[in-house]
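Presented sequentially are two complexes of subunit A, the first with subunit B as partner and the second with subunit C.
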Partner chain A sequence: MKRQGRLILLLWLAWLAPSLCAQTPLPVHVFAEDGPFRDSFMQALDVAAIPPITQVADPKQAELLIAIGDQAFRRAQKLHKPLLGVYVSRSEVTLAQRKRCQCEGIWAGVALHDQLAMLEIMMPLARRVGVIVGPQSAWTPGMVQDYQGRLGLTALPVSSVDELGDRLRESLARFDALLLPVDGQLFGPGTAKLVLLTSYRLRRPVFGPDRAYVQAGSAASLYASGSDLVAETLVHLQFFHSSKRLRRSGFVHTPTVAVNEHVASSFDMVFHDIDSLREALEVTP
Partner chain B sequence: MPLADEPAMVLTPARVSQPQSEAPASVTVIDRNLIEASGARELYEVLRLVPGMSAIKVDGNVPTVAYHGTQARDSRRMLVLLDGRSQYQPGLARVNWNDMPVDIRDVERIEVTRGPAAAAYGANAFTAVINIITRDPRDISKHTLAVQGGNNAIRDGYASAAGRTDAGAWRASLSRRADDGYDEPFEGSRLNDAKRVETLNGEWVRELDARNTLIMQAGGSQNRLERQQEGGVQDIGIYQQDPVQKGQRAFASLQWQHAFDQHHQLQITGYGQYTRDVTDFSVCYLDPLTGQLGPGGGVLFSQELRELYLENGRDAGATFAAAQSDPDFANRYATLQSVNAPFCAASALDIEEERYDLEIQDTLQMGDRVRLVSGLNLRHDRVSSDSYLSGTYDNVSYRAFGNLAVDLLRPVTLNLGGYWERDSISGQHFSPRLGLNWRAAPGHSLRYVFSKALRTPDIYEDQAHTNIRARELSPPFSGNTEALLGWAPANFFITQTSPGTLKPERIRSWELGYYGQFPGLELDVRYFQEELTDLLSHALNPFEFEPNNEGRVDHQGTEAQLSWRPGVDHLLRLTGAHIHTRVNKKTEGRLAARDSASALWAWQLSQHWGLSSAYYLANDYNDNVFERLDLQVRFRHRVVDTELEWKGVVQHALNKEPAVFEENRYQEDRFWLGLAVRI
Partner chain C sequence: MKETVKKGAGIRKQLQLLGLIPALIMLLLLLVALTWQRFEDADRDLRDLGSYLAQQIASSSEYGVLAGNYDDLRRQARLAMQQADLQYVVFHDGEGKVLLYEGRGQRQDHSDVLEFHSGIYRQPVSDGDLLEGAESAGQPERIGEVVLGMSSARLLARQKEILLASLLPALFATIIGLWIAHYLARQIASPLGYLSGLLRTLRNGDYRVRGRSHLRGELAELQDDINELATSLEGAHREQQSAIDKLRHAHRQAQSASQAKSDFLAMMSHELRTPMNGVLGMLQLLEETPQSEEQHEYTLAALESTGHLLDVINDILDFSRIEAGRMDLDPVFFELLPLLENCVATFRYMAESKGLYLRLENAGELVGKMVRSDPTRLRQVLNNLISNAVKFTQEGGVVLRITTAQVRDDWLDLTLAVRDTGIGIPQHRQSDLFKAFSQIDSSTSRRFGGTGLGLAIARRLSEMLGGTLTVSSDEGGGSTFTLSLRLLYRSQAPAPLAVPAEEEDRVGGLLFGLVLLVEDNDVNLLVARRLLEHMGVTVVTATNGREALEKVRQRDFDCILMDVQMPVMDGLEATRELRQWERERGRAPIPVVALTANAMDEERDRCMVAGMNAHLAKPFRRQQLTRVLSPYLTPEHAQHGR
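Presenting the complex of A and B:
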């Protein structure tokens, strides 16, 4: 799915290139915490952006603001300019839009149906899946209820970290697997041990929410890598350049796959290697 | 992640957490959801969901659970673990399912390793291992109160509490269950098989730090079981008080888990168990010469008849023949005739068993491909019994074990295991196992397993010296015992003594199996052959005692288990076994059903309503077909923060044939209603 998506994206950008290159560079300003991610993100945009962009130091000079992360997104809103949030909580974008900001976002996390597609491939026995959702989660209870696929999803609302343990203890045994959305409040390093050890003791594997959790012991996850975010930002930039409007918010379209092979093997999951899984995901409707 | 914290699909076959596709055995897992869906009241009943497993009440209210069943009354060829503690009792080689100190609601899952597993657990893991794992207190968030009642005097109660501390968690439960056993009247009279069992079970887990965890468990049980009258006693007397068995159990265990690093873990476990069973009965004995009640019945407890019995090679018929012309016997008989009262005596079959077990287990992951579990075990069994042993006997055993799992090639796993042991009764033995698993494709694997195992004679089989004592005598025998019976205390004339030369029973087994996953469907199939030799097949009770290793049983067959979720709200689970059994003694085939099956369907109708139904077949047990249909309806709802569950269960026998023996009949359906409150 990821490889195919990238190919389509590159072909599309290449087709547009001659006409776009003739256009003037788009002045943008990037809000982000200082650090290696910000630098490499900006560098990647500079290299790959078609039409070209000019990163301006003064945000007032920019036609489009790009903000990476929730904090930067909140800061950037104060300038009342077109704003694209990158890896921003869905709830943060919704809140800003309610305040009539001129903004859209690439949400933190990946689409629910993408994670479920992977879960179905790796765990063909699974039918009942519990999905924990909090106020800051990438997915809402409504999204879980609207799911129309083969699996039976149950939203498990959790309002705070304090509730997480009891919710797991009460509910986990009813499901074949647990799916976690990206949620900086609920699923940080502080709760990984609680979530994963409870799931192991009850023999219910966890999928999601990101690569860090997979490294800690979640079975597998699709996640928005840095290059996925760059590729998605480029699509938004192109859209903005051509229409002078912001593209609608959404998750990255070509997320990356991470699998904890040891955990997947312990749970007897159908997994051969990452490439096979990626290929299987590409043919998933 | 330390090894102790790793996820495990199955733990039992090789003492190491393994995916089922790599385990060196066929494994059946029954988890809490399945236990609840089965509607079972008692733990032993859910084992009918295991292909090839016989689980039925044979002697009134005493269940027999046996994998590839042979003798009807004996559960002695299978190991049962409760949180790692052996429930196989050393004195009379049995597993007491009635008074196991755990309630069915405390159980998180049951793993059944089908096939010999002595390579991992030592002697007596002969045909299979049942590993009962209780709920981890860290996974419980509510207190529970439950009651249920129904016909046949079903009256059950359960209360449990759980809590968490800064670095740990605890749980405790108390339960009581009672019923009246099989239907009555049987042949016009009451069947003495009611039971009442109370259990206490608690666990405390403390995580000392990231590397060290302490787990402490303690509990016990007490029971009162009505036992049916012994045929041998009925031949010589009239019961004044039906046999009643009263038992007590207690246990305590402590386990320390230490993670050296992510790849190396040490576990030290020590536990002690105590069991006491006493079966009281009172009989007025018939005069052997007249066949009527009278003082002459006292000769059965006379010193003279005991001496004649010993002189006549412990042959009761020859003893009575010799008694006709024995002057001492004639004098004793004449003395008794001077008393104008029937001879009645109260006796008891008693046994006390203690076990102290210390085990060190080391688990080492070497790279991605090699995992080794090794350990040492020291066990001390002590059995005291006046009636079975006429004293106290000890058996100390020393053991060492190792199980190695190697990914030879990525899709092929080799499991090699062995268990060496030496004990005071049977000397030293070694039990090996070899397993080869080939993951032919993701989600599909084939396995070949070869194993050998043994069952060592229990302390009774090795050291039997039976003496049924007249504990309470009717007057005037009570006040003048020595003068009237020739000795005091007086013992029944028949006594049995084991030669002490019995060999262990042996099994040699191989299987070819397939485990596969399809969308929503899980399938396990196996073909197996088992040769059981040197079996102690003949009766070894106070009336019949033929100690020898002449028994032999051969099993050959196919088993399958399938779990299918056709939709999110439905679960269909099917098991079946077709087994050809050849025996050289008829009693070894009584519980060997050629065809057995189970089908369980669970349907979650809505958020609140659930329906489940189970069908069980065993064709046949002792020429009787067992066939039953169960139905359960559940309704769950919340009142504020309290969860309430109402349920009704009906068990309907589909035929009127007795269960194994003539007196075990279900003429009426069993039904009960229950309410559980979780706060």
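Presenting the complex of A and C:
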């Protein structure tokens, strides 16, 4: 599935290429915290050259602002220019749009369906899946309830980190697995051990929300890697460049998969290696 | 002074050992026990630490193992590795697969590493009542294992520290113990050593010493006893010394008396011999002169009497030499049988003249046997016995019976029994028979003559020869004198030994040559000159040594007869100068024969040392003079002489 999506994206870019080449470069300004990710991101945009963009130092001269992260997104909103948030909380984007901001965003995290698809592949026998949802989570309780798949999803709303432990101990035993959304408030480094240890003590595997969690002990996760975000940003830039309006907010279409082989093996999951899992997910790397 | 002999360890050393050895043994046992216990403690501490660490890591690594969080495991491992002794930490999953190895250097077999294993368990959730899966809470699931490799170097270092920490006090305790033992031993041994020295001083003869050390208890009593002993010994020593002084004085007096007697006897012998020489010589010259039968009979009687007188003088001389301890033996190997035959032959004429038989029996037992003894003294003893036997036997005869018994391979028991058929000796007189100057009775002396010294001399000589001389006799039934000797012998005669035997007299034989006669006594000069002239030699005379030397320088002599005691220059000095003069001139030495009235062996030795060739004691018989001169005055010597 992921591979097909990327193929379609490339064909679409190829179709647009002649017209793009004839157009003037799009002046953009990137808001981001200083750091290696920012440099890499900006370099990747320059290298891509499709669409043609010009990174300008003065955000006022930019036609489109790109903000990486919630804080940068909030800062960029003050300029009242078209704004594309990258790896921004869904709630943050929604909040900004309510304020009539001319902005869209690439949400932090991946789509619930994608994450569940991976879970189904790795745990074919799983039926009951708990999904912890907090106020800042990428997924909302409504999204969980709207799920129409074969799995029985149950949203476990948690308002703060303090409730997390109790909620896990109360609820985990009823599920076959636990799914975690991207939530900077709930699932940071400080709570990973709590979540994971509690889950594993109750022999319940945890999926999501990102690569760091997989490294910390989550069984597997689809996550938006840096290249995924660059690719998704380029799609948004191309759309803006051609239509002079922002593309609708959403998760990355081609997330990356990460698996904790030790945990996967210990739970006897259907998993042999990362490549076979990618194939199964039909997601291009 | 007698040296002190060390007999084993001294009391001081024994006390030191007695005090030290049990303490050392106890110390050693305690040291071993304590060290062993501390070793065990150190080992247990290390194992406890290892187990504790393993358990701690295991309990804290649950999450890492469950979550496959290698960073967490590595962090746990590195945290544990801050313990210096920890060499490696290995995490295994539930199936034993290695999850993580964190160690110092490459993973390898560590022979000196102690491994500690601790299981990693999935812990139950604390709020178990809320969990449906709480069924496993009572039985934790083992999800892995942590293995710690802990170096035993620390244990070894700790053990070394313990050993050092134990040995140092032990060494200190040993030194203290040694010092205490040494001090105590000295406290006890010093008084004993002092008292021992006191006794040693007493033993070495210093009885004036007294113990004055301030001792207590038994040692003080011992010192008092030693002092009393010293007092007693000093008194006894004083008395003993006084007695010894008296004895020494008496001994010196006795020695002086004995020496005076010997000197007197020697002087008397010399003084008697000198005139006797004149008498005997003159009688011998008189016998040669034409005489009537009556005169000849008188002359023979005078000669016989002179001979008896000479025998008496010789007996007295021998006895005095024996008494003075100056009678020396000259033992040699010689063939005994010829000596015995010669003794018998000597007296055969006398026996036959009295109508007696004189036989030698069992002579075959001595054929081919050489014995070691002094043949001269043995002959003297036998001559005495045979002479007595012949003298005191009027009828029958005398038998010399030989009996031998081999003791070992080279020793022979020899018995020579002289049995006669004479008058016998009463039983009660036999014990006095061998005493000096003793005869059965004075009538015997008057009847048979003699001084009574013969048997005494014979017994003394027998004892000097290592044997005994005994007598068995019945009055009127004859007597048997038995000489028993144990002699070293050998069967094969290596070379014929010249047995001093009575050589054939050369009474009628003539001598040749020029003789210098040196004699200060006119009578003796005359006697010797006449005897020599009758022998056929030419005589030149001198009256002292100086004159003799002058004449020697003027003429060549074939022989010199030299008196010893002379005025101006004695014979010994004259001989020494003669030999010196001969050496200086390179001349052949002139034979010098000493003529002296001193018949002692010492006199003979002095003559030989002075350079004389022979010795002839005065008074001498014609035959003796002929015998002593004949080697030098034969025609051959005279012709080839000077």
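Simple rule for what comes next: the second predicted complex is superposed on the first by the 277 of 285 C-alpha atoms of A that agree within 3 Å, B and C clash if a C-alpha of one lies under 4 Å from a C-alpha of the other, contacts with A are read in each partner's own complex, and residues count from 1 in each chain.
We adopt the following convention: a contact is a pair of C-beta atoms (placed from the backbone, for glycine too) under 8 Å apart; a residue touches a chain by one contact, two chains touch by 3 or more.
Nothing here was measured: the structure is a model prediction, and the numbers come from that model.
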{"item": "Subunit A as common anchor, with subunit B and subunit C clashing or fitting", "value": "clash"}
{"item": "First (subunit B), second (subunit C), both or neither touched by A:Glu279", "value": "neither"}
{"item": "Subunit B versus subunit C as contact partner of A:Val263, first or second or both or neither", "value": "both"}
{"item": "Touching partner for A:Glu63 - first (subunit B), second (subunit C), both, neither", "value": "neither"}
{"item": "Contacts of A:Pro124 with subunit B and subunit C, given as first, second, both or neither", "value": "first"}
{"item": "Partner chain(s) touched by A:Gly217 [first = subunit B, second = subunit C, both, neither]", "value": "both"}
{"item": "Which superposed partner A:Glu163 touches (first subunit B, second subunit C, both, neither)", "value": "neither"}
{"item": "Partner chain in contact with A:Arg203 - subunit B first, subunit C second, else both or neither", "value": "both"}
{"item": "Partner chain in contact with A:Arg174 - subunit B first, subunit C second, else both or neither", "value": "both"}
{"item": "Set of subunit A residues, in rising order, touched by both subunit B and subunit C", "value": "169-170, 173-174, 196-198, 200-203, 216-217, 262-263, 266"}
{"item": "Subunit C residues touching subunit A - in the complex, by the definition given at the top", "value": "62-63, 66-69, 71-72, 93-94, 99, 122-125, 127, 130-133, 143"}
{"item": "Touch list for subunit B against partner subunit A, complex", "value": "1, 5-9, 17-21, 31-33, 108-109, 136, 138-142, 442-443, 517-522, 563, 565, 567-569"}
{"item": "Subunit A residues touching subunit C - in the complex, by the definition given at the top", "value": "169-170, 173-174, 193, 196-198, 200-203, 215-218, 260-263, 266"}
{"item": "Subunit A to subunit B touching residues, read off their complex", "value": "120, 124-125, 127-128, 151-152, 165-166, 169-170, 172-174, 196-203, 205, 216-217, 262-263, 265-268, 270-272, 276"}
